[in-house]
Structures are given as structure tokens and as C-alpha cells.
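The following blocks contain the structures, represented as C-alpha cells.
Each of the next two complexes has chain A plus one more chain, namely chain B in the first and chain C in the second.
For the complex of A and B:
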């Protein structure tokens, strides 16, 4: 009977495709929007992920994220270095600046000052050049998002910039995770960054710490807090706080939430309507089957098989559509590093199952309510 | 719909009865009004005969045939089909009974449009759990008896009305039921096709151990009946081998 159910469904190509489209569209909308949402809010932690060597981030107690930080006096660095369990501690500066390109365009950039001696604070990989280029005069390394944005049709290597009214030369391209706002990032040595970014007496944004025992990073962060009065967080804690900051301070969760809800509602509407039409068009056949002697249990199985086929096909197409979307935009720096967390296809699968359970139940109700005697009327 | 039957109406069924109804009454409720469509029908239908159930629209013949084949509960009375009190069975058992013992031929054929003729004819066997390919082979054999073997692979939409009705007959007979119930089998056919279908039905559906009941309006085929039962206002007003002279 399952074979008959499947043939009944696929035989009506228009409705079958309508049902599959409804599920595929819902799956695509839910999966794609959730994927973008998760990847976007994870950008809130990109500043932390780009510095993979730091076990603990130390900051002023009011600082919240890599981008929302209150500068500390330079003595903080020595305080941190004096805490037992700290293998190394280096200064880290993050500030906003303006760049004027040679074409006269103005661009807001983030300047990151990394430790002069060790260059800790740079992303792990380079797209072009090596970290050593920072030893050269006025040298800065641009991130790959910045390259696309500021030098779309040319190599930035050797290009001179007017960075806060001072000369800077791009000598390398870093392979970095873009920030939440995809701001252009320029990396330079800490000492040079102090010149590029004028400001108040206190300029030290963070102290990056390497633990003697990385497994004890949590205990070390607590010890640093106790002994220095500064705020110290492990890499994972600080990354989580960056994500949380975006969730709490932007309308993004609400906007994406609305789109996901719309995906669900559109799915219910399209699939519900088409399924009802399909059942209505086949009600005589179902009535005849019931009269002939097909039990309600078998009828239920038939409708479940039909819903299952629609669900599997539509869901598969929807997930493939999301993969195609992510793949086709992977070259775009805005979508750089985007991936589909395994939980998201499971969430959309649950949503599809719910849509089909709801619409299938409504459709099945009509079939089960049909009296076999109706076929004689 | 009341499921509690008044068994006080039961009388003795004749030993050779394929179908026996005693005191079958059926009420329908429309708003606050209750309409009695059948008034205590007592009937014995024998196997090996082609029995026609005739009457004006609204006389109760469709209601009676629905009750006799186990798809509509009577308000009162008892129905035995080959000795089984079908309304004493639970829901599942009644459905199984229909599947194994009754073949249906509907006025509008009710074939499944997206499967071919042979698969349509095989539906009762598939519903009984037989392997689909084996069921289809059996259906093709039955179609061969009905001279439509060459139409086996066609979809219902590719068949004429007469051919579709033959497929419906094949579906009704493929599982060798003991009771065949036909609802206006010639209503959607022209005179010649209708006659051919009825001739064929008489040839293949009537058997010694099988009862065949046909609801029809079509007076062109009355001569094929072994027995004609005429209903009027929910009562049997004629029972004979021919139509009464005033009709």
C-alpha cells in the first residue's frame, strides 16, 4: 500500500512539486538564516579567535569585548607578569583610526598593536608576506577583508596609506577571521600603533597571557584577578562574552528569529494548503480504498509515507540549497569561514517534521473522517 | 450513529441465504429532524444469482446496499453475510471481512489515476498483503478474462469509460470475493458499452458460491437479472424475476 501511496502522490506532479517546494523553501530559509545568524554572532569573538596563542586576556574591569575595551595604564603589564603561573605576558592595543587612501577615499579601520618582540597578537596565518615585514619602517599588515574592501582590483603590497595623518605602508596580508562589522584591520607593532593612534595617557587595551600550564588557564585568570584587581578571562570565556554582547546589544537575534519563524509559517501554509488539496482531490480514492477493506491504520501509514517522501526530498533539497549558498558566497570576505554547524540541520529537520506532522494530521483527519459509504453517494 | 443494535428483530435466516437482513432500519438525522430511510427490511439473497436492486432516487437502495456490504451501520436490525453477523464484528474485523469477502464496483470506477490498470485491479490483493508483482500478475490474468489484457499497462486516463469499468470489475473480482456489490455500473456508459459490461459481469461475477447485487436505474439491462427487488420509501415493494408490469 505504501507503493500505491507514493504513486498517488508523485502521480500528481503539480502538487508533489508544490509540497516539495514548500518543504525545501522552509528548510532553506530556516537553515540558511540560522547558519548566517550563528556565523555572524560568532564574529563577535573573531578578535579572540584571531589570537590563538593567548590563554588568558587581561583587561580593565569595565571592558566587555575586544571592541568594547577601556584602556589600562602600562603598569598593568608588569603587574600581570608578576603573577605566578604566567609564562609570558605581552601588550595588545586595539583602537579605531581613519585611513585616507591614495585615491582620496576615507575608510574607518581598526588598528591592532601587537607585541614588538614576539609579534603575539597577529593572526596565525598570512595570505601574503610574513610577520617579519613589521620590522620595516611604517609597516602595517592588512587583513584579507581590508584588501577586498580597499584594494579590490590590485595588490595592496607596497601601497602607502595616510593613517591618522601619518604614513603607513602595507607590506603583508593576514588571513584573519573578519570582525562582526567586517571592519578593515591593520596590524602593526605595539610601539608604532601608539604613534598611529593618538589618545589619552592610558593606551594599553589588553594584556595577553600565556599560561605555564594552559590546562589551568581558568585558575590562572582567577589568580590574576585576585592579585592585580584587573579583569582576566580565559580565551573561551572572552569569546563567549563577545558573542553574548552582540546578542544582547543588537536586534540581530530578533530579526533572524522573525525570518526563521516566517520560514516555518510559510512552510506550514504552502504544505498545509497543498496537502489539503491533494487529499481533497483523492478523497474518492481513499474512500474507495476504505470501502474495499483498507484499514485506517494502513491509510495512516499511506499518508505518513507520503509526508515522509515529501519531507525527505524537500529537506534534502533545502539543505543542499543552503550548502550551495554558503559555497557560492565563500569567496566573499563577508562570508569568509562560514560553516553549517551540525545542530542547525537538526533544528530544521525538527521544524520540517513539525510542519509535516501538523499538516499531515490535518489532511489525515479528513481521510479518516470520510465514511466508506460516501463512495456510493 | 447508533452502534447498539436491537437484536429483538432477528428472525431465522434461510439456510441457503448468502445475505440475510432482518429488521434493518436506518435513520438519518438532519438538524432536529430524523428521517427513516429504511423500514425494517427482511431479505434473503441467494448465491449464484444476479440480484438487481431498483427503485427511484431516494427509495433507500444505496443505503440498503451500503448496509449489506458492511460500510454503513443500520440503526436497527441484523445483517448476516455468509453466516457472519457483520455488525457484531469490531471495526478492524469488519474491514478485514470486507477485504476478504466483498468486491466493489463503483459508479465512477474510483480507479487510482496515477497507477496503471493492472495495478489498480491488484489493489485488493496488495491490501491483503500479497507481493505487489505477484498481485499484479494475478490482476493481469483477471483482466485477460475480461478481454482487456492489452490495457494492463495503461493509466486509467488512457482508457475509455467501458474499459475503466472493466478494470473496476477486475478489481472487484481479483481476490475472489463471495459477494460482489455494484453501484450503477452502467450509469456512466453509453447503451452499447453498458450492455457489454453487464453481459460480462453476468459471465464472470455470477458463480455458485457467490452473490452479486447490482443497484441500477438502467431499465435496458433488467432482462439480465435473476431477481429484481424494488424499493420504494424504504420498503421492498416487489420481489420477482421480472419488473412489475406497471413499471
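For the complex of A and C:
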């Protein structure tokens, strides 16, 4: 019986491909746009995720994200170290600076000063060189996306830069997720970063904290806030702050929301129209089936099978399209680190199911009302 | 329904299979593409609180290693060329040991001059004494004559005058001797001042002068001290504690100290004293123009002695991280 339904469905190839295309297209639209949306706003948290060993970030109470931070006096580090439950704490400097390249061009960069002794604050992996190069004089490590912007078509290793009248030599490339603005990032030791960044009174942007018990990071951050009067955020909280900052300060959520809604509407329109047309065309067949004694329940199951086939095929092709898209752009530095969160295909699956349920239910209403006599009309 | 190639339909069979394969591929792609956001342990050990302070109230501070005598910057009382340099960095010296000498030719010439003057004065004394004894005997002779007609009155007056003049000449010569002796002593002092000696027993930490250089009493070139020394047995560390934390500090308790870059090698340092003066934080930021608004309490701790040169963990001027027990918050 199900097989008959499937034959019925694929009997008219045009309509069948129309249905599959409709589902595939809206799946593609919803999945791909949601993926880009999530990845774009997660760029706001890349600064946090690039530091792989800190459980808690401590900052001035007015600091909001990794890039919107107000510096603290240097004794804040010792204050944090004095809080029970803090296993270790290291200084972390983040500042904007202007760099003069060999050609004389001026480029805005983010300077990140990592702890001198332990190099905590560097990204986990390196593309070229090792973190130890920072022990050589005046060395900096550039991030890989910054490389493509600042040194297109050449290796940055050994290049000299001028930062705040100081010499800096690029000696390594870090594998980091770029920030929202894709600023070039230069990693160096904390003490050297102080020289690279024009002097202000306080320099310490963050204190990175390792918790004795990483599972208790939330409680630790609260204790740090209570005992030092500074603001402490766990890694996840601070990542969320970065995402929130982008949501609040850009039009991205609205833009992408509109596209996702369009995908849904296009899906409903194409699939709904085609599906109900298809059902209406086959109303005689359904009538015939009813005439030979097929129950409404069986017919309902047949329509569900038809919807299921269309759904699975369309959805599979749509997801395949998204993957092809992400995969083919993965080499592009703009899309560096883009990934498909596992929730998004489930969301689009739910959307597809909703579209099919809605249109199937509308179409079924006619079928169920059909008299067996319809076959003679 | 037997499988039949002729019945194989693209839309009924191949397409759904493609779709299912695509879904499987997608699942693999998505799972393998998820970003690695797990927390990792730092590769190098950051300074950690010692075991016994891990969950106890504590205060952390950073500081600098210094000699227990504090750093002594040896100066020179007189300016001149350096003619001899007798120590090098790392030498242990005793109190009063010669460190370097400044050109003393002028002072020695002065000394020889004064010594010559002493000889001259001694000769003058001898000459004056002879003259005086001659004059006194002459006078005695005249006074011994009873017959007033034998010696004229004027002869007697002249003899008396000669005797007293000879006495004056003698005291003048004696005064000259004293002056010359004083000059010699002052020249010797000068020579002594041109040899610079160690004020205390200790270790030479830096030598910024070389033989033949000119040292001026106004300080060396770039106002570097000539020689820096200090008592390095034991070494002290000067820990800066934020004034807000100072009240919590348990004074008298030993501190756990580790040098920068070797945080796994922690040592116990004995409490020495807290400086009575709270000073503005001298940030160890290497920046030339340091502007401050944080004040710190400086607390001194004595580091344990190293057993051998190889085991020497702390050196003067090194930065350290310290953990100190705190009193329980009320």
C-alpha cells in the first residue's frame, strides 16, 4: 500500500522534483543562513575561546568583552592570586595599536600580551613556529588570518614591523579564530606588550585564572568578585558576553532572522502549493482506493509516507548543499573556523517537518472528505 | 518484490539513497567539524599557591630579590683616573678590602713635599737650638763678669736680644715642623681616600668601571654606580603588598616564594620586617615613565641559603611571586 503511495508520488516527476526542490531549498536556506549567523556572532567570543586554559576571566567592573576592556592597576593580579580556590592567575593584556609595515603602511592591530613565564593566553595551536620563539628579543606571533591581510602572498616569518617606535619581528604564526572585525592580532609577552602599546596609567586588561576545581568555576568567579571588587566571568559567561555585545550592537540578528523566515516562507509556499496540487490531481486515485475499501487511516499513512519520502530526500539534499557550501569556503580566511553546530540541522529538520505537516494536513482534509464516487467524476 | 535492475527508478530509489548517504556524510562532517573548546592545562607551570595555603586565606604579592644589606652603590670621594681595579663581579670581599684605586700621584707628590718640609723644619730646629745655646752661653758669660767697666751695657743688651731671638727662632722652627707634619698627614689621608675599600663584607654584584676610566664625584657616566655590592648571605626579598590587602597580612608568617619562570621550585622565606613606610608601587613594567596611584606595603623576607652555586635559585634583582598566609576575614 505504501509502495503504491510512493509510485503515486513519483509518477509525476515534475511535481515530485518540485516538492524535493522546495524542501531542499528551504532546508539549504535555513541551515546555511543559521550556520553563518551563529558563526558570525560567535566571532564575538573568539577572543575567549582562543585562550584555552583559563577557567575564569577577571576584569575591571566596567569591562564588557575581550575588546571592550578597561585596564586595572597591576596589583589586581596579586589580589586575585590571594583568593582561595584560585590555583593560578596570570596577567593578560589586550590593546589596540598601530603598526607600521616595511612599506610604510599603517595597519590597526590588536596586541595581546601573554604571561612572560608561562605563555598562558596563546592559542592552543601554531601554524608555523613554536610558542618558544617569544623568548627571542622583540618577537611577536601573528595570527593566520592577520597574515593573509598584512602579508598577502608571502611568508611573514622574519618580517620587521614598527610598533610605537619599537622594533618587532614576526617569528611565528598562530592558529587562531579571527575576531569579529578580523583585526590582525600580534601575540607577544606581557612585558614587551607594555612597550608596544602607548603608555597609559594602568595596563593590565585581564587576569586569567585557573580554578583549583574547574567544575566550580562559577562559585570561584563569585568569590573573586566578592573579595576583590573586580568583575569575574567564567569562560562560558564571558564568551556569551562577547556574543551578546555583537547582538546588541549590530544588525546581524535582524538580517539573518529575516532570511531564515524567508526560507521558511518559501518552503511553505512551494511545498504547500505543490503538495496540495498533487493531492488534488490524485483525488481520483484516492477515491478509487476508498472505493476498494481502503480506510482513512490507511490513506493518512500513505500521505505520511509520501511526505516522509519528499522530506527525507529534500532535507538530505539541502543539508548536503550546506555542507558543500561550508566545505568549499573553508579555505577562505573570512570563513576560518566556521562550523555547523549540531543543533542547526535539527532546527531545520523541525522546520521541514513543520512545513510538511502543515501542507500535508491541509491536503489531507480534501482526501478524507472525498467520496469513493469521486472516481467516476 | 524482487530486486530488478529494470525497475530501478531514479526518483524512487537512487535519490532517497543519495539523500540518506548525504545525511550520514553531514553527520560525520558536523561531528568532526565541531570546534575544540575543551579547557587544557597550561603547558608550563604558572605560580600556584602552596598546598597548605590552597584553601586558606592568603595574600599574594610580587617582589624583587635584594641583598640583606640592601644594594650598596660604591662611590668615590675624590675624582680622578682609575689606576687599579682589584675586584670583579661575583667576588666575595671582606670589610675594608681594597676595591679600586684612583690616581694618587698628585697626593703622593704633596706627601713628599710635606716630608721634605718636615726635614727642613727639623734642620731649622737643630740650627735654632745651636744658635740659642750659643746666645745663652754668650749672655751667661756677660752676666758672670762682675766688673761693670769690663763689658759695655750695650753689649749686654745685644746678647740678651740675641738669646731671646734664638728662642723665638726655635719655636718658629717647631711650629714649621708641626705644619709640615700636618701637611704630611693630610696628604696621607688624601692617599687613603683615593683607595676605595669595601664598607662591609659582601659580594660584588656589578662593576661598571674599568682601569683608566675617569671617575668623578658627581657619579659615573649615565649616573651608573661605580661598583654595586651587598651582603648576599642571606638574600632578602622585598614583596609588594597592595595596601588594600595589607590589613589581612599575617605578619611574621613565612612566605612561599618562587622565582619567575621556575614556579615549581617554591621555597619558604623567613619573615624579617615590614617597612614602616607605605610607598607608591614601583611597577615592574619596564616602562620609563611610571605613573602610579597604587600604594604598597613592602615586606622583607629572608631566603634560605643555597647549598651550592648550581642550586642557586635566586639572584639579586630577580622578580619573584610570593604567597603569604592571611588572617581570617572577620
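The rule is short, and it goes like this: the second predicted complex is superposed on the first by the 355 of 377 C-alpha atoms of A that agree within 3 Å, B and C clash if a C-alpha of one lies under 4 Å from a C-alpha of the other, contacts with A are read in each partner's own complex, and residues count from 1 in each chain.
Assume a residue touches a chain if its C-beta (ideal position, glycine included) is under 8 Å from a C-beta of that chain, and two chains touch if they have at least 3 such contacts.
Note that the coordinates shown come from a computational prediction; the quantities given were computed from them, not determined experimentally.
> With both complexes superposed on chain A, which partner does A:284 reach: first (chain B), second (chain C), both or neither?
It touches chain B, and chain C stays clear.
> Could you figure out whether chain B or chain C reaches more residues of chain A?
Partner with more touched residues of chain A: C.
> Is A:81 touching the first partner chain B, the second partner chain C, both, or neither of them?
A:81 sits against chain C, while chain B stays out of touch.
> Have a look at where A:293 lands relative to chain B and chain C in the superposition and call it first, second, both or neither.
The first partner, chain B, only.
> Going by the contact rule set out at the top, does A:3 touch chain B (first), chain C (second), both, or neither?
A:3: touches chain B and chain C.
> Under the stated touch criterion, which partner chain does A:12 make contact with: chain B (first), chain C (second), both, or neither?
first
> Name the residues of chain A shared by its contacts with chain B and its contacts with chain C.
3, 7, 10
> Give every residue of chain C touching chain A within the complex, in rising order.
Answer in residue numbers: 1, 9, 11-12, 15-16, 18-23, 25-26, 29-31, 33-49, 54-62, 240-242, 244-245, 248, 260-261, 263, 281, 283-287, 289, 291-294, 296, 321, 323, 326.
> Sort out for me which residues of chain A touch chain B in the complex.
Listed in rising order, the residues of chain A that touch chain B are 1, 3-4, 7-8, 10-12, 284-285, 287-296, 298, 371-373, 375-377.
> Which positions of chain A touch chain C when the two form their complex?
Result: residues 3, 6-7, 10, 13, 16-17, 20, 49, 52-53, 55, 73-75, 77-82, 84-90, 115-120, 124, 131, 177, 191, 194-195, 199, 201, 203, 210, 212, 214, 235, 309, 312-317, 319-320, 322-323, 326-327, 337, 339-342, 345 of chain A touch chain C.
> Can you name the residues of chain B that touch chain A in the complex?
62, 65-66, 69, 71-72, 91-92, 95-100, 102, 104, 106-108, 110-115, 119, 123-124, 126-127, 132, 171, 183, 215
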